[in-house]
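Chains: A, B, C and D, in written order; residue numbering restarts at 1 for each.
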Amino acid sequence: MTAPATHGSATPRQSRIAALPASVDGILVTLVLGAVILWFAPVGMGRYGTYVLSLWLVMSIAVMGLNLTLGYAGLKSLAQAAFMGLGAYATALLTGKLGMNWYAAFAISGLITFAVGLLLGFPALRVQAHYLAFVTLAFSTLIWLILRNEQWLTGGVFGLSNIPRPSVFGLKLDGALAFHRFVVVVTFILAIALWWMIRSPWGRAFMALRENPVRAASLGVDTRMYTLLAFAIGSAYAGFAGALYAPLVEFIDPSPFSLSQSFFLLLMVVAGGSGYLLGPFIGALLGVVLPEWLRVVGSLYLIVFATIVMLLLIACPQGVSGLLERGWAKLTGKNNLAKTGAR
Amino acid sequence: MGQVLEVSNIHKAFGGIKAVNGVSFGVNEGEILGIIGPNGCGKSTLFNCILGQLEPSEGSVKLDGKEVTGMRPSELNRLGVSRTFQLLQVFPELSVRENLILAGQEHEGTMLSRFFGRRDAGLSEKADKMIGFFKLGHLVDAKAGGLSYGQQKLLDAAMAFMAGPRLVLLDEPAGGVNLTMLGDLKERLRAINAEQGATFVVIEHNMDFVMSLCTRVLVLAEGKVLAEGSPAEVRANPQVIEAYLGH
Amino acid sequence: MAEFIAYLIAGIATGAIYALAAIGFTLVWQTSQTINFAQGEFVMLPAVLVLLAIKLFGAPIWLGALIGIAAFILIFGAGFKLAVVDPMIRHGVLPLAIATMALSIIMKEGAKDAFSAEAQNFPSFVPTETISVLGASISLQHVAIIIVAFAVIGLLQWFVGSTRLGRQMQATAQNPTVARILGIPVERMVLLTFVINAALAVVASVLISPIYLAKFSNGEVIGLFAFIAAIVGGFNQVRGALVGGLLVGIVDSLAAAYISASYRLAVPLILLVVIILLKPEGLMGRKEERRV
Amino acid sequence: MKMQWILAAALGALSLPALAQDKVKLVDVVELSGAGATAGTNWKNGIDLAVADINAKGGILGKQIEIVHYDTQTNPGNSRAAVQRAIDEGAYAVLGPVFSGPIGASMQIAQRAEIAQLVGGEAANLTKQGNQYLFRTSLSQTAAMPKIAKYLKDTVKAGSVAVVWVNNDFGKGGRDAIIPELEKSGIKVAVDIPTEQGQADFAADAIKVKNSNADAVFVYLNEEESARFLRAAKQQGITKPMIGETTLLGAKVIELAGDAANGVKGHVGLSIDAPIPAFQEFGKKFQAKYNYASDHNGLKGYMAVYMVKWATEKQKKFDKKGVADTLRGATIKPSDEPGILMETTIEPNGDLDRESFLAEVKDGKQVITATLPKIKP
């Protein structure tokens, strides 16, 4: 987790952000270690386990993007699944129907979602606060309708099948393990890019946007630019996730890109811990893997899942990351963290 | 000694209510101009019009003789105009140092260099100096949201100076600050004015503060300039006394 | 013309249901900044509970209705407020909104597992006859929905505007801080809005279930449309929610008739976007102070 | 670090338990939540009923059946996970899903693993992809629609028809199959109305149908939506004949629509009201166990289990790949396997051929008016 600095803290009031120079390395180490573990993890686990791990990582990418827009920049988007759909359909059509190389399709998916994100971001500049949520809500449903109705292009309700998987240096990735490792690498690269961005001045500007856009503007922060960037980059991450989702499942139809899935991604961000770099991985773990584990309880598994999420949020509105941070603080005796209800 | 800021004939109405009704004034380089006036006289609205937070219904604002009316706050800030707000405006979840780095980072380099460059945009040292200057050195790693009111006020002011602005507009810097801190603040402002040659415009209620800090004072009443002059002149002006004591 | 009237009446009837749900939605938003994503499930559940009470206790309809409705208002009016909203209210809008999302899953899946995955008939209190108005067949059920819904909304308006309790509630909604200074028991007023929300949901449920049939998944559509209606009308106004509900219902009905039916759902949403861009605070809403 | 601990726990929990050797494991992957929950629950209950029956009579070749149900949430990604899990767990055969999206996402997995997958989907395209391991449990829409077009032309004598369909894979597939058949028969499509899955309010659609002045209405919706539409149509005073498929004439529709269902006619593939004692007996058993009337999905699930049983007993061993080989091209007779309920021929592509019925709802009861022969008798 974003463990607060364990050394060199002269003051008792130790903040999460202030501890960044120390905890940055913690996050980086965790990402590297995580990637290594996940590279070897599926050995002997069977294709099901491997597949679920891959699915978890793919969803993590989409959640990472939403965490940037929502958790860091404070923009409420209800269209993350729709952006994921744009990426997935773009990749499926480009690789499946036009025979394009997956890497090119991946880049194009990112570009398309980035561009659409920019366009959709303009109303976000005009209208404030929760109204962006409403605009994206409408967008999300419109995209879903187009995916379902324009059968000539998207296959409509029947979906698109036979989506090819990419290859690396001429090596086909048709096997579950090979593709999983590919997903690990792509996720790792995207996570590192986001980690870098958040610790760069951009990250600081995004957070300033979340906490006080008016003050940020008066300090020379181009709020318009950063708002658009946060939204467009977050959307592009959804596009990247879609570009991996399509070849992972090898079939897409409109259902995983509906409004309710956008809500579900939002749930993952918040439950994992919004505004924490590793929060998305935990959130996606909750959203994707937890229901799979809970299959042991039979038909009640969704109720158990939702109850866990609800109780978690009641106990700790900052999500699992917040809970772990709190636990860590208690463990190290630093339970006098400056608490503010700023968000 | 040219005019840094030239405000001419600013009007601003909110649905029929004229908050600012034709205000004109100039600010000379190196000057500390105080703007006073009773509650609701349009001081803050005037500030917001000058700084691009609000679009004036009429009138123009010139910076160094260049038209900047309606320019966005962030652009104006990068031209060297800085401000503080009447209500507290720090970033509570960021540390004191991060607050200050943020206040300076957009003034150097490009978007790209800010992405690929150093995390602190090379501003850590400058930030620490500024923190020391405002006597907040012991709080450098604390979350801004956890500071006391007076400390936040100091931080707020420090942020306004971080990028070395030419012109700083302070909206009630003394509001809610205790006496000891007030002395600190005044002393700091004077020092910056003397050392960096920064020009100040100060809106304030606290008369003692204004009168002892400012070199020139502008009095607003009902959206218009009522009087103008040195602190002593203004203090002696019967119209001003009327406006303050008359109702 | 007859055709148009028929579409219009059908639209107003569904719009009245959306309005009931949207009014509850705005009430709890105003007093406690709760965005209740389970609002649709709130309308779905009372009918299911009534049928469940009849099935479990073999009770006659009126008794089953009484048990089901009482249980619902207790659990999802007061209980919801005390167990879910209270602990989270200090931590901002989002975690609470997500918690209501989880609650909607629990309600939906719970209704499915405890009751049935199948739709069930729900008794109608008016005959399923039709009358003819200007050549259009108008269903008595639709007429009854419109009359009852408007009567309930009128009653609510009267309560809010003309009773002491109601005015205290309104003051709480508009400015809790001031209300507290005036000595209004703010906590109790907030609780009252949650109970009223649950009661409105019950009315909507009983009105609509004879037509929609009682089913665990019915809340999805109603919830979405209530949300849209609340935004369109103005998130912070009871009157707005009424206008928004009716407007969305009518637009939806006419869209199905005169615009491509496969894009029917898009029309209310386009309306929503246009209104947000032109008048962000909604048709009847008042501007909310920007946080400076 | 905590992350590692979490990962270790995560990895451990995703590994699968060893399977019991003395049982034969069937895995049902089906829509138990989301848009397909109603159909999926019927399918699941039908399967449970069949498994209970078979186990009570000694199982398959002496082995008891172990049945596991995995929910797809009507989501392709989850369906694929569930089918993959089924195969990793050593499932003998996979039953389900029912919706074609989840089927499309999972059918390659079963194909690669060479395991028979018996699905409830009716969309025409499923069996056109050359998958040798995919089997239907009901007639395909391509088989059913010509029968309906013929019925509309010869019996109803309709010159124009209003087509009302549900905009999911089932409805769209049916609509795409009926329109060319209508054109071939020279019947005009007066109005073509898509409706939403789970739609509750059909007033606007009914008004639209009424204004089209079509001679007949072809209704292709799921059961509950059918009932809601029939009620709305009655309220709008539509008196034109309502023609439909299995989902319009089911017991569930009659129960929910009440009077409004009277007079509805159409073609029925599987029905608990069919004039075959085995069907009616199934209907009674289902009603007794679950306290409601099964729809055709319940029948499909029930028969799916018996198809697996028949194939296994036919090959006299538990050979996963052999199940698919045995089923392909086979004809199963009730005299050999009573659980199949009626004679069923499995085409090489996985389609089914069976007798079917023309039916009508009279006084709240489905009445079979004619039995239609198999396409290739």
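Keep in mind that, in the parts below, contacts are C-beta pairs under 8 Å (C-beta built on N, C-alpha and C of every residue); 3 or more make two chains touch, one makes a residue touch a chain.
As the structure is a computational prediction, the values presented were derived from the model and not from experiment.
J.: Both chain A and chain D are touched by which chains?
T.: The common neighbours are C.
J.: Which chain has its C-alpha centre farthest away from the C-alpha centre of chain D?
T.: If we average the C-alpha coordinates per chain, B ends up farthest from chain D.
J.: Taking every chain's C-alpha mean, which one sits closest to the mean of all protein C-alpha atoms?
T.: Taking the mean of C-alpha atoms per chain, the most central one is A.
J.: When C-D is set beside A-B, which has more C-beta pairs in contact?
T.: Comparing C-D with A-B, the pair joined by more C-beta contacts is A-B.
J.: How many angstrom between the C-alpha centroids of chain D and chain C?
T.: Centres of chain C and chain D (C-alpha means) sit 35 Å apart.
J.: Report the inter-centroid distance (CA atoms only) between chain A and chain B in whole Å.
T.: Distance between chain centres: 40 Å.
J.: Averaged over CA atoms, how far is the centre of chain B from the centre of chain D? Could you give it in whole Å?
T.: Using C-alpha averages as centres, the distance is 73 Å.
J.: Just the number, please: Cα centre separation of chain A and chain C in whole Å.
T.: Their C-alpha centroids are separated by 32 Å.
J.: Among all residues of chain B, which ones touch two or more of the remaining chains?
T.: 85
J.: What parts of chain C, by residue number, touch at least two of the other chains?
T.: 109, 220, 262, 265, 292
J.: Hey, what residues on chain A touch two or more of the other chains?
T.: Residues 148-149, 214, 299, 302, 343.
J.: Chain D touches which residues of chain A in the complex?
T.: It is residues 1, 26, 29-30, 33-34, 37-38, 41, 44-49, 51-53, 55, 148-149, 151, 156-159, 161, 176, 245, 248-253, 255-256, 278, 282, 285, 289, 292-293, 295, 298-299, 301-302, 324 of chain A that touch chain D.
J.: In their complex, what parts of chain B are in touch with chain A?
T.: My answer: residues 51, 53, 72-74, 77-78, 82-83, 85, 89-95, 97-98, 101-103, 105-107, 111, 114-117, 119, 121, 138-139, 141-143, 145-146, 159, 162-163.
J.: In the complex, go through chain C and note every residue touching chain D.
T.: Residue positions touching the partner: 3, 6-7, 10-11, 13-14, 109, 112, 116-121, 128, 130, 137, 139, 141-142, 208, 211-213, 215-218, 220-222, 252-254, 256-257, 261-262, 264-265.
J.: Please name which positions on chain D make contact with chain A in the complex.
T.: Interface residues on chain D, with respect to chain A: 1-4, 6-7, 10-11, 13-16, 32-35, 69-71, 74-77, 80-81, 84-85, 87-89, 100-101, 104-105, 108, 123, 125, 129, 167-169, 172-173.
J.: Across the complex, what residues on chain C touch chain A?
T.: Touching chain A: residues 37, 83-84, 87-88, 90-96, 98-99, 101-103, 105-106, 109-110, 113, 220, 224, 227, 231, 235, 262-263, 265-266, 269-270, 272-273, 276-277, 280, 288, 290, 292 of chain C.
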